[in-house]
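Below, chain A partners chain B and then partners chain C, in two separate complexes.
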Partner chain A sequence: MRLLVILLLLLPGLAQAQWMRTGLEFHGQPPQPDPVVDRARVEAQQARRCEASAIRFGDTAAMRGAVAPPDWDDPTRTSAAIAAIADRPDTALQALDAAALTATTDEAATVLEAQAVLTALQFGQSPTVPTNDLSGPHLSDRLFWQALARAPTATPGQWTDQILPALDAAFAADPTSFQVRAWRVIAWLEARPPAAGQCAARIAAFSDRLLDLSEASACPLMLGHVTHAIDRALGSRPGTDSDRARATWRRFGEALLALVAGAPEVAAHRRAELTGAGGCAAMMGAELDALAREGER
Partner chain B sequence: MITPSLLPAGVAALGLALLDGRIAPALWLSLRVGLGIAMWLVLWQAGGAWIAASGRLSGLTADAGHALALNAGLGLIASLPCVLALRLTARAAPLGGLHGLAWFGGLILPQLGQAGAWPPASLTLAVAGAGLAMGLGRLAGGGSP
Partner chain C sequence: MRGQLQDPMPEEDDTAALDLSIAFFSAVLMLFAFVAFQLARTPQPDPPATLAQPDTARPVLPPTWSAVAERGSWAVYDGERLTILDMDAIAAGMRDVLEAYDGEDGYQALTLLSGPDPRAFALRLSFRPDALPAPWRREVTRPAPEAPCPETSRRLLRTYVAADVADVTPLARYLDACGAQFAPLVLREPGDSGRVSVQIGLGPGSYSEEAMFR
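Entry: the complex of A and B
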């Protein structure tokens, strides 16, 4: 009895917890599952919708305005213009080489080097993409192009081990680059890496990437463009994707983007397609349902 | 919940009375034990309601060990007036422990468990409660088994 009294007196000093009572018994409340998709980010983007963000669009750091533009002289401008309108790679790259010879600052040389790499990629070549001594937006571009150059022949393992980490590093180097955010979603769909905790962890990881992407602008038009770009990169629509598991992830992605963009009917359509899809589809559906309910409040 | 469970408890008590051979004292014992256990139940419920309403739980951790200690403590404290009442009304009669067990099964056991689940803490509490109920029954029977 004394022991019992001591125990009851000590109990108030113990840590905080949630209790519930069933019949005569008090017991701990079963832990509520943490929301898998970041509700705060979804709500913030739903509230902001089409407002401008700090995320920039453009193929290179210079085009995005992520670096201060060098003071170009006329011969350099002329050479860059020739490169831009050339329909042969040799002509374009020679013009950029000529422009690089006249570069008077390291920043100008870096910008022209980036332009040469981009031009080679646009002509379907496989240029070397040096990253020496670069940081910030320039490094982000180079890592992005390295990933892009590997993409056409990459195996699922390479998507997971090489391309995805390169794009994550590019994102860290310049979080304002929209193209990197978009390709982080595409690369994840190609790799679909397993994660500890499986479904919850994977849905959280994928939705984080999607929300990074929609952070640029949660406009329906914008997100329609994004899903179209993803379809083009993957060569199919979710309904025609030969990989059924990937199609399920894509449907979830489109539903989430639609919810963020304020298109509940599109989200409901994609969510309905998840029913009975297997894999993580049940948890995806539950998350989408919860987000839809919260959106209605 | 309580009303349907009174039926098997009552049948068990009647069966024990018939088994005893001396019907009237056995039924009287069963009635006293049943009332004692019902009193225990009411006091336990009231104590739990008071604890829940007092806000004292907000400072406690809800892991299984602490929950068991809390429940066992409440059950034990609630049983003390019953111990006193049954001790004061004790009459020598056999099978008191079994009467206690029968009424425990009918009145207390349906109120235990965690929404149909029986984790180890609930099982421990049920076993301890059953033991205490048998003790109450024996006490009511004047200490005879």
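Entry: the complex of A and C
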């Protein structure tokens, strides 16, 4: 009777386990948990490594070649050049205003308007960033700048409610913009990932953002550059981050990027720092271990 | 008699064989132990703690880590004087050739580069580092510990340094004390005319090459 009870208790587990035969012996293996980080994307990026991608670098849609080069006449080009070298905002913005008055097409005017917004930001001003009637790469730029303009004074709540959605919308408008992909990771970290929610869902969401970023190029140098830029934006290294929960997410992020970039020793170092960190660290570690094992095959 | 001859091994020989086999087995065990110790890997040194630069360096070059590049001013340093260039005067010369300065001590020339990108241009400035054209001088200071700070320059100062200046430490200290960021750009040796030429501008594709991450 007792044996029957034990058998009934073990039966569900025995049914779920995967049984492998070696000679005359059967060995039961517990079922593996469903992967949280997208394995296919990791493998694809590990295989592609430093090859070029369709993702573009540049401050504006025109600069990164996401729209056709504007058809400017010589006076417009001269005004744009003056705006580029000026060290006083009035000189630069007046030159761009003068050029916009003579723009012959809507596209040329839109490019000049974007240049004026960017120039004002470069001079440390807080310009209004209109998004009326725009779509695609131009809309992506404006949403990105709106997010940047809010960033210096934003609270974690505003990062979550305003900036993160704006950057996601910018990403949807132009998936080829690298700056938007990079700031989607920074904004997610700034939003101080909420404690509520399943670990698996949160790890999947964060790793998707990281893999969007590394899709540009999975070169070690490139991703080292990215990691350093994130440190600069947040003003700390993971080891000196005052927010322990965020530091854990950053360690996971660096480990994942290192795995993608083919730096297993760095990944192992960051993975070791996750041990005993609490929160979702155990699941992060399990995912990193599984990815590392698959990378060794 | 016949039975004694058929005895295969005396008792003492049997014991000796047993001792030998135990000794052999122990030796093999010991060998395994040594081999196992030999195979123990030496501990790996700790990997570097970062994929990136280990610490934040003092910013000597213009910061490119911010999402948007910071606008700066342009200046020339000849070892004694720091001259802030009047970019408004130079811009006026870009807009109208007749207003562009053209003299023995310097000249400017704007070229709108041909190519697929209409934004590409090159502004050529030719000048004597120790005697800049008067219209280009917005402000002149003499960097020293107690000297007044420049009043008309931005925080970021891209500074052309004359080729014969061996030490920019006094300038760096002066600008640091003034809260300015110093981005040195070393000039070539002047030619026979005593002038040296520089180019400020953008080439086709330079945006994407320069702005790897912002």
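Heads up, the rule we're going with is that the second predicted complex is superposed on the first by the 259 of 297 C-alpha atoms of A that agree within 3 Å, B and C clash if a C-alpha of one lies under 4 Å from a C-alpha of the other, contacts with A are read in each partner's own complex, and residues count from 1 in each chain.
Please note the rule applied: a residue touches a chain if its C-beta (ideal position, glycine included) is under 8 Å from a C-beta of that chain, and two chains touch if they have at least 3 such contacts.
On a predicted model such as this, the values are computed, not experimentally measured, just so you know.
S.K.: Answer with first, second, both or neither: which of chain B and chain C does A:Arg237 touch in the superposed model?
M.R.: A:Arg237 sits against chain C, while chain B stays out of touch.
S.K.: In the overlaid three-chain picture, which partner chain does A:Ala182 touch, first (chain B) or second (chain C), both, or neither?
M.R.: second
S.K.: Does chain B (first) or chain C (second) touch A:Glu25, or do both, or does neither?
M.R.: first
S.K.: Under the stated touch criterion, which partner chain does A:Asp212 make contact with: chain B (first), chain C (second), both, or neither?
M.R.: Touch status of A:Asp212: no partner.
S.K.: Between chain B (first) and chain C (second), which does A:Asp174 come into contact with in this model arrangement: first, second, both, or neither?
M.R.: neither
S.K.: Applying the document's definition of touch, where does A:Glu287 land relative to chain B and chain C: first, second, both, or neither?
M.R.: In the superposition, A:Glu287 contacts neither chain B nor chain C.
S.K.: In the superposed model, does chain B or chain C contact more residues of chain A?
M.R.: Counting contacted residues of chain A, the larger count belongs to C.
S.K.: Enumerate the residues of chain A that count as touching chain B in its complex and touching chain C in the other.
M.R.: No residue of chain A touches both chain B and chain C.
S.K.: Flag every residue of chain A that touches chain C in the complex, lowest number first.
M.R.: So the residues of chain A in touch with chain C come to 56-59, 62-65, 69-72, 74, 76-82, 84-89, 91-92, 95, 118-119, 121-124, 148, 178-179, 182-183, 220, 223-229, 231-233, 237, 239, 254, 257-258, 261, 263, 265-266, 268-269.
S.K.: Would you pull the chain B residues touching chain A in the complex into a rising list?
M.R.: 1, 41, 44-45, 48, 51-52, 56-64, 66-67, 69-77, 108, 110-115, 119, 121-122, 125
S.K.: Report the residues of chain C in contact with chain A in the complex, numbered from low to high.
M.R.: Counting only chain C, the residues touching chain A are 44, 46-53, 56, 65-74, 87-88, 90-91, 94-95, 110, 112, 116-119, 121, 123, 153-154, 200-202, 207-208, 211-214.
S.K.: Considering only the defined contacts, which chain A positions touch chain B in the complex?
M.R.: Interface residues on chain A, with respect to chain B: 1, 4, 7-8, 11-19, 21-29.
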